[in-house]
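Everything on this sheet refers to the single structure shown next.
Read from first to last, the chains carry the letters A, B, C and D; within each, the first residue is number 1.
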Amino acid sequence: MIRAYNVSKVYENGVVALKNVSFKIDKGDFVFVVGPSGAGKTTLIKLIFKEEEPTEGYLVVAGRNLSRLKRRDVPFYRRKIGVVFQDFRLLPQKTVFENVAFAMEVVEASKKEIHRKVPLVLELVGLLDRQKAFPSELSGGEKQRVALARAIVNNPEIIIADEPTGNLDPDTAWDIIDLLKEINLRGTTVVVATHASQIVNTMKQRVIALRKGLVVKDQERGGYRIEN
Amino acid sequence: MKIRTFAYFVKEAVKSMFRNGLMTLASIGAVAAALLVLGCFIIITLNINYIVSDIESQVEITAYLNDSLENDQINDIGREIIQIKGVKEVVFVSKAQALEEFKERLKEHKNILIGLEEDNPLPDSYRIKALTPEDVGFVAEKVSSIKGVAEVKYAKEVVDKLFTITRWIRIIALGFMAIFALVAVFIISNTIKITVFARRKEINIMKYIGATDWFIRWPFFIEGMLMGLIGASIAIGILMGGYYYLLKVLYTHIRIIKLLPIKYFYDYAGYMALAGAIIGSLGSTISIRKFLKV
Amino acid sequence: MKIRTFAYFVKEAVKSMFRNGLMTLASIGAVAAALLVLGCFIIITLNINYIVSDIESQVEITAYLNDSLENDQINDIGREIIQIKGVKEVVFVSKAQALEEFKERLKEHKNILIGLEEDNPLPDSYRIKALTPEDVGFVAEKVSSIKGVAEVKYAKEVVDKLFTITRWIRIIALGFMAIFALVAVFIISNTIKITVFARRKEINIMKYIGATDWFIRWPFFIEGMLMGLIGASIAIGILMGGYYYLLKVLYTHIRIIKLLPIKYFYDYAGYMALAGAIIGSLGSTISIRKFLKV
Amino acid sequence: MIRAYNVSKVYENGVVALKNVSFKIDKGDFVFVVGPSGAGKTTLIKLIFKEEEPTEGYLVVAGRNLSRLKRRDVPFYRRKIGVVFQDFRLLPQKTVFENVAFAMEVVEASKKEIHRKVPLVLELVGLLDRQKAFPSELSGGEKQRVALARAIVNNPEIIIADEPTGNLDPDTAWDIIDLLKEINLRGTTVVVATHASQIVNTMKQRVIALRKGLVVKDQERGGYRIEN
């Protein structure tokens, strides 16, 4: 589903965020991407999402070589991927409901469908009672859950979550991870970049560890620490 | 595009206008202010044109007729003159009338002319008004070639001067109008550009969620159009109200300065509303372009 | 305020201008555009005033003198006239000159006057120009009470008309100028308001870090002032360049329309720069006010 | 140092974020504030910081009754408190260095002092090499650490950190917590709102637990869970 071929990313200011990264994630996989702050996790996700372009190498996602993807095909490609951004990226002028609904409006879902589906996913992330609030009226963890709701509402082929539990208490965090695992069991590929070592250690899923832009570990049923 | 989708875009646009309160007001204000200035100058320019045309139409050619013409012949000459291209008005002035006028002009010295009535040395004449100063030369030439016309006179110097002055006033006024039109477009698009710039992250996010360019563009397009329309309407309202008031004040205080009637500007109001809508919608659409490239 | 702190504020302001590239350009552009429009209209208004004054100064009073005055007496009268308040110019016209001119005016009919040279019925006179049409009536009255003056004439109707027209032209022009000044202030402050609005979070954050209102305000004040100055300078440059060009074109093509010399506007350029700086700095300072309340 | 007297906070939209909260934090204390997402932790911090006003009750911080604090005294009051905001609140147009320096410029520190102190704290949070970067060029964890550097640079009397390790890997998170503890040992009062149960459990400090706006636990040497 996601393949990286010798991908390197150097930002304009000279920071080398990724160095010669290669991996292969298959359809239906559940993968944790771990690594210290600044290791390149978010950069990797941005590349998969085609928010940034690799300096070297290329990625093939859902059968498309991203380097060759035409500009006008990018939106349609992105619709296959649900992303929980580390900085949430909620639309400030839209309510919780509208933020989630927007993802469905983009794919021109019917109004009926939207009014059926959005409350469902808001219920899943535990925010149904806050649906009329604007992002500025939400707590950190609530924003994070809205971002998750938006990412899953269209049943994408791939879900990528960047630190989806950073602002959540352990209980809520586990609910979210369980939700992602459940979605994964229905066939969706899930990639989670996280620092939650307990969760990674307990879940015993595949772990790709980055450090200073290099893949330092790629282990089935791995733990958070590089050494274990 | 489906009607349902279009309705959605309109709804999004209207919602966005309300939620971006200050930005919306700022954009509408910029459109209104810019078009107000432009409108003022259009009104001024058109009125200058109108007044200048009025002045121009005062230019007079005098065609002195041969002595001893029959009334019929005189009438024929009059008819011939009126048919010349560029002639606006022809008035016959008899010998006697000419002398009367002459006396008028001399005022307190008119006793000099006493006794001339019997042996009036002044000829019959036609006074001709041309449509524009440009026509005067041509008309004078044509008239002088008519049989029975003894001599044609007109203030060549005055006509030439007037012609140059009015042409330059027109050029200058149009030049300023062009400048103001450009400035108006600049001010409006400038304001739209910053309001869109302030929302660039929003546009980025929409793209990241998989929205196509057009899906993002349409609400902005409609929003820009509505703001342009509203701004233009405000400007039109102020202009029309102000002009109406000005006309009324001038009418009650002096009737010398004759300005264009207000109904003359109805068409222009329409164009202005159209301009507002176009600048608003295109301004938004062009401004978001670079933020769509993610 | 310590000089060090002030230097810091200036540095912050300049840095902010560069880092907020588009916003800075937008603000400068708005100032330039608004002042350009205002400047155009100031130039137009002042020139209208100038031309109108020129027309007004053409108004003439004729004071016919009694026959059989000595040269000395005539000179005395002239001296007396020139001392009247509102008199701009006095010219003596002798009987002989008057007749000559009369002949001129009659043109082809001047043979009517043959023989009058010996027994010239026209009196000596003084032609007086008033400073403004408002003065004419007063001057005429004063002159008529001078001993030796037989009769005073002036085109009362024309003067009154002219007086009304020129007064209204001035009122209208000043009215438009006032409107444009308001619109210019509105456009500039409108633009500044949105650029500040777009940075409201920044201002909030500064407050949360413990910055005092003045600490935040100063760089904004200076930034606004600089942008106002730069924008005004651009407007002044365009205006002066454009006006210079216009004068040159008019000078080469026609010399009839006499516009104000460019040096007349140097002062106004200074005021405009000042206005830009004031609106810019106050605009910023006022706009940030509500975001300081956290 | 910080006392809350029957504080309640109801937001305009009717959400009750805090209900009748009272507590007392003494000078030199190290306190964790825990609780599920939306419990009111950030709201409490906003009240202490005078970003929001309580609907009922009042707070006394550093000897000042916040309800009576004059508007023009607020900046001076805030300078006594270093805050790490959950959403970082870095100035986007300033570099890492400038963001930290700004906190010192506000108190009119000398240029020399700024150039001595800022690199020092950036070193402490491990960001000296990124000092010329703008916030938009930083990873989530890096932003968080800049926020911390800014909070501590003026040696405030109180440090309040809202989820200061949410975007940090466990190792870096521990470095940060150790740093806070060290600062605390030098006499600074430290309040940390966090979801990092491991850290709370290991540190064995005072824990104030919130749930739905109520204080449900206030325990010396407590753990993350309410039950333990």
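Quick note on the criterion: a residue touches a chain if its C-beta (ideal position, glycine included) is under 8 Å from a C-beta of that chain, and two chains touch if they have at least 3 such contacts.
Quantities reported herein were computed from a predicted structural model and do not represent experimental measurements.
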item: Chain hops separating chain C from chain A, counting only touching neighbours; value: 2
item: Chain D and chain C - chains in contact with each; value: none
item: Far-end chain from chain D, centres as C-alpha averages; value: B
item: Length of the line joining the C-alpha centres of chain B and chain C, rounded to whole Å; value: 24
item: Rounded Å distance, chain A centre to chain B centre (Cα mean); value: 62
item: Centre-to-centre distance between chain D and chain B (centres being mean Cα positions), rounded to whole Å; value: 66
item: Centre-to-centre distance between chain D and chain A (centres being mean Cα positions), rounded to whole Å; value: 28
item: Sequence positions of chain A contacting 2 or more other chains; value: none
item: Category of the chain touch graph - line, ring, star, complete, other; value: ring
item: Full enumeration of touching chain pairs; value: A-B, A-D, B-C, C-D
item: Of chain A, residues touching chain B in the complex; value: 49, 51, 72, 74-76, 78-79, 83, 85, 89-93, 102-103, 105-108, 111, 150
item: In the complex, chain C residues that touch chain B; value: 22-23, 26, 29-30, 33-34, 36-37, 40, 44, 102, 105, 109, 111-113, 116, 121-122, 151, 153, 161, 164-165, 168-169, 172, 176, 179-180, 183, 186-187, 190-191, 193-195, 197-198, 246, 250, 253-254, 256-257
item: Residues of chain A that touch chain D when the two form their complex; value: 11, 13, 15, 34-39, 41-42, 86-87, 132-133, 137, 139-142, 144-145, 162-163, 166-173, 195, 197-198, 224
item: Chain A contact footprint on chain B (complex, rising order); value: 4-5, 8, 16, 19-20, 201-202, 205-213, 215, 294
